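Got some structures for you, see below.
In what follows, chain A forms one complex with chain B and a second complex with chain C.
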Partner chain A sequence: MLYSNELLAEVGRWVFVSMLGTPQYTRDRCITGIHGLDEITRGGIPYGATVLVGGTCGSGKTTLTMEFLVHGAQMGEACAYFAATEPSVKLLENIRQYTFFDMEMVDKGLINVFDMDVVYSWLGLTKATFDRDDINSLVKAITDIVNTIGVTRLVIDSVTTLCYKIPNDQLIRDFLFTLGKTLATQGCTSFLVAEITSAGAKAHWSSFGVEEAILDGIMVLGDIDRMGHLLRFLQVVKMRGTDHSRAKYAIELTPMGVMMTPMLKWGVDSD
Partner chain B sequence: MIELDQRIAEQLTEITLNSSLQVRCGSSNAFLVTSSMIEPLINEFQMGGVYISASRPAPELIATFTEIGIPVDSIQFVDCVSSALLGGTENPYTNISYVDSPIMLESILLRTLFHLKQMPTEQNFVILDSVNALAIYNEERMLAEYLHTFINTFRARDVLSAVVTVPDQTPPSVLANLDLYCTDLIDRGQVVIS
Partner chain C sequence: MARKVTFDLEDEEFFGERASIGSPKFDKMMKGGIPRGFTILCIGEPGGGMDLFMKQFTSVAEDPENTILISTAESQNEILQVFRRFEWPLDLKVRTIGEEYNEKVLEKDLEASRFRLEGFSMQDIQRLAQTRFVEEDNTDYLTSLASQITSLGPFFRCAVDNLDFFFQRNESHRVISMLRVMQAHTQLNRGVLLISASSGSVAENIQRELALICDIVFDFEVKMIANTFETRMIVRKFRNAPENLRVYTYRVTDEEGITPETVDRVA
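Moving on to the complex of A and B:
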């Protein structure tokens, strides 16, 4: 069968247009400023996303999330850090060793650090476990802080410690869903830190197994045991609203902050 | 006092900043060859750089370089040996950072990139001493992969990289990869590989 020149031209045009691609909608990005991370997420975290940063102990969760806030503060954004695992004084003492951190950012109110214990006291949450009303008032308190200060970057370190006070999975799910939705509505990009015991292939990426399904993104930090030496890694497992690399990256906590490079493919046996 | 190999200095005048040098030496002349390379880079070309010492502890290198008149102020050492020796990190030098083991290849690369970011000099070099020391700890294919990443990382950043190797003690596939990726060769090896 012979095709007319017009038909062939039309097919050619269609192929050409397909190759060019139609203009794609891309979401605004929150530039983390962390070495390598914006390349991994192809331009930054989608604006307003709530990202779970799950990691084993000593894997660099606090440094990474604090650096995320520092870069925001450097661009004049108001940032909030909710410390649930260690007192803010201790946290700031530890983070001061990094050259990227400047105590002036705290003094100027660009980085606002809150002790969760103090927040609980404000709200009168003295019980060992929280019920739905307690959770609602906690979400409201966080939202009020975000609104009042105009927070655009937020970290809760860790959401695991906070969720230990919530007695069942359904309430944890509701809490995270409501919190994520509210923060996104306020245009606040958030990192929720989760403590995990293993970052291997068969491990859960969150402490309770419910967080990972609800939140917009999951970043895992862990260690690879290479002949008895622990090598830190970061992997972006999920990030809604952006194409992203899912490879493992070796990370190093330098005085200038987190630095990363692709992990050698022949050396990626994890725990 | 050792007599430096002036032909190496002459050869260095012909290379560009994004070159990757394969530096072949023998087991007995390794220090002479590396010194002959560093001396003109520092004194003649006013470059700064990072020296990755996997063959011997950095304090030993610093002492010897200083003794033969090579200033080490503009060199940052990444020492992969001393951490394994208890007490090895106790020394007065501030331009040494330590990596726990030569098996932490990615850490070596990241530490090097970190130091390069802080270098006040405009033109910089990275010297990896040596492939053979890394080969003691690392599997052949991982080392080949690493060298591929290593060389390309610095070429992309316009940093002169030099990889020191003793060819007759280097795994053949690693040597073949070096031949492929490196742009220039300084050959002072005792065995000539065709």
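Moving on to the complex of A and C:
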């Protein structure tokens, strides 16, 4: 019996597809563009995820999150950066030293930098602590900005400074949950920066201990003491919606941005 | 060394030793008005006509350029209406600190309520993204008041209605200390300074201190007698002239404004 070449080709394709098994559902990804990070998360961060970027001081949180926005802006996405820890003037002065950053992105409105102090002032949030109404109006303001300018990448640096104004864990939980849910609904991938004092195995990944359970992902940045030299590292601890490496990666803050290399498994964690 | 102010002889003759309080009848009862260089405190409950008395005091300006009415509660328009009602001259200077405060602070509060209720528009967001610093209202109205009064020249006339605004926003000792500066300037320049305060809003010890600094103290009272109200102005202090301590019952007429009716001697 003779078979035509077309028929053989069709059968071959069927056999190959059968060997692969049932096609798996994969979520659309937000390509961070940060060297090595998209490989760690097997193709990027799931769209709309709210990721906690916890790190010790000087570990590169601001550089990494700003680079995340820059790559978004390069792809024509609208980005928003909420500066709560330092004045935006100072932040921009520091970040413009990196070659990956172009001030034109801010001038053209691709990266919109907001001073949280100004946001608070405009909303009349001048009290030392926020009540539920204040929190609701803050979430509404952030959501308004995301909706109106179509923000797809957002950074709050830092959520710790913001949460210091919220008097109890329940309100912090509610604030982060509502914010995360609203941003996810808008398809906005968000990095919430958290300041932590230690990034060791026994440390909390967040400042208040409530953020880590609510948010979709946790990335930790810290330092390891290697023969008197503080080596920066990044570790993806949790990322809902994707498989990912949980190894520590050494990072270097170069003028071109964050550079990542796998960390050699030797020595003992300093903390 | 104390600062010296030289007075023009013609001015001295024109302005004289005493200044009108704003009502010819009151002036007559006080032997020609109040001595120049005096600071007068009016203290009383709202509704007693104190605010009208302050305006009336400035209506008899000898030199409108050197006369100012500073109000913390009323708007320019409200003051203008009162002056028109009594047909008082409109050429004096008026500063409405209450209005200035409302513009700067309350309008900001109103805008914040709008943002909270209605959210940000595209224009708001663009403006927000370009705003790098918080615009704080650092206006020190008390210093501004003291500076304005101390910039007035010889034989000035000034009314400040009233001090409650400053007591509510500043430490009492600061207000007292600024008042001392204003009183010294008034004395040195032979001006007349009329200030008011509500009796309920200032603590008793502060009231005593105010009375100590000021040369004359008027108490404004409203008493209910049978079915009518009786308005009284009590002269509680008159520096170097205790014979002027009296209780004046007064009424308001369209022709004379606040004017005394009968005079009773304080026992």
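Criterion: the second predicted complex is superposed on the first by the 249 of 271 C-alpha atoms of A that agree within 3 Å, B and C clash if a C-alpha of one lies under 4 Å from a C-alpha of the other, contacts with A are read in each partner's own complex, and residues count from 1 in each chain.
Everything below uses one rule, namely that contacts are C-beta pairs under 8 Å (C-beta built on N, C-alpha and C of every residue); 3 or more make two chains touch, one makes a residue touch a chain.
Computed from a predicted model, the values in this text were never measured in an experiment.
K.L.:
In the superposition on chain A, see if there is space for chain B and chain C together, and answer fit or clash.
P.N.:
After superposition on chain A, chain B vs chain C: fit, no clash.
K.L.:
Going by the contact rule set out at the top, does A:74 touch chain B (first), chain C (second), both, or neither?
P.N.:
A:74 sits against neither chain B nor chain C.
K.L.:
For A:129, is the partner it touches chain B (first), chain C (second), both, or none of the two (neither)?
P.N.:
In the superposition, A:129 contacts neither chain B nor chain C.
K.L.:
Per the contact definition in the header, classify A:198: touching chain B only (first), chain C only (second), both, or neither.
P.N.:
Neither: A:198 stays clear of chain B and chain C.
K.L.:
May I ask you to decide whether A:115 touches chain B, chain C, both, or neither, giving the answer as first, second, both or neither?
P.N.:
second
K.L.:
With both complexes overlaid on chain A, does A:261 touch chain B (first), chain C (second), both or neither?
P.N.:
first
K.L.:
Between chain B (first) and chain C (second), which, if any, makes contact with A:226: first, second, both or neither?
P.N.:
Touch status of A:226: first partner only.
K.L.:
With the two complexes superposed on chain A, say which partner A:141 touches: chain B (first), chain C (second), both, or neither.
P.N.:
second
K.L.:
Shortest C-alpha to C-alpha distance from chain B to chain C once the two structures are superposed, in angstrom?
P.N.:
Shortest inter-chain C-alpha distance (chain B to chain C): 34 Å.
K.L.:
Under the contact rule defined above, give the chain A residues that sit at the interface with chain B and also at the interface with chain C.
P.N.:
Touching chain B and chain C on chain A: no residues.
K.L.:
In the complex of these two chains, what residues of chain B are touching chain A?
P.N.:
Listed in rising order, the residues are 100-101, 103-107, 109-111, 113-114, 117-118, 137, 139, 141-142, 145-146, 149, 153.
K.L.:
Quick one: which bits of chain C touch chain A in the complex? Just the residue numbers, please.
P.N.:
Interface residues on chain C, with respect to chain A: 108-109, 111-113, 115-116, 119-122, 124-126, 128-129, 131-135.
K.L.:
Show me the residue ranges of chain A that touch chain C in the complex, using the header's touch definition.
P.N.:
87-89, 109, 112-115, 117-124, 137, 140-141, 144-145, 148-149
K.L.:
Using the touch definition from the top, list the residues of chain A that touch chain B in their complex.
P.N.:
Per the stated touch rule, the residues are 226-227, 229, 231, 250-252, 254-256, 259-267.
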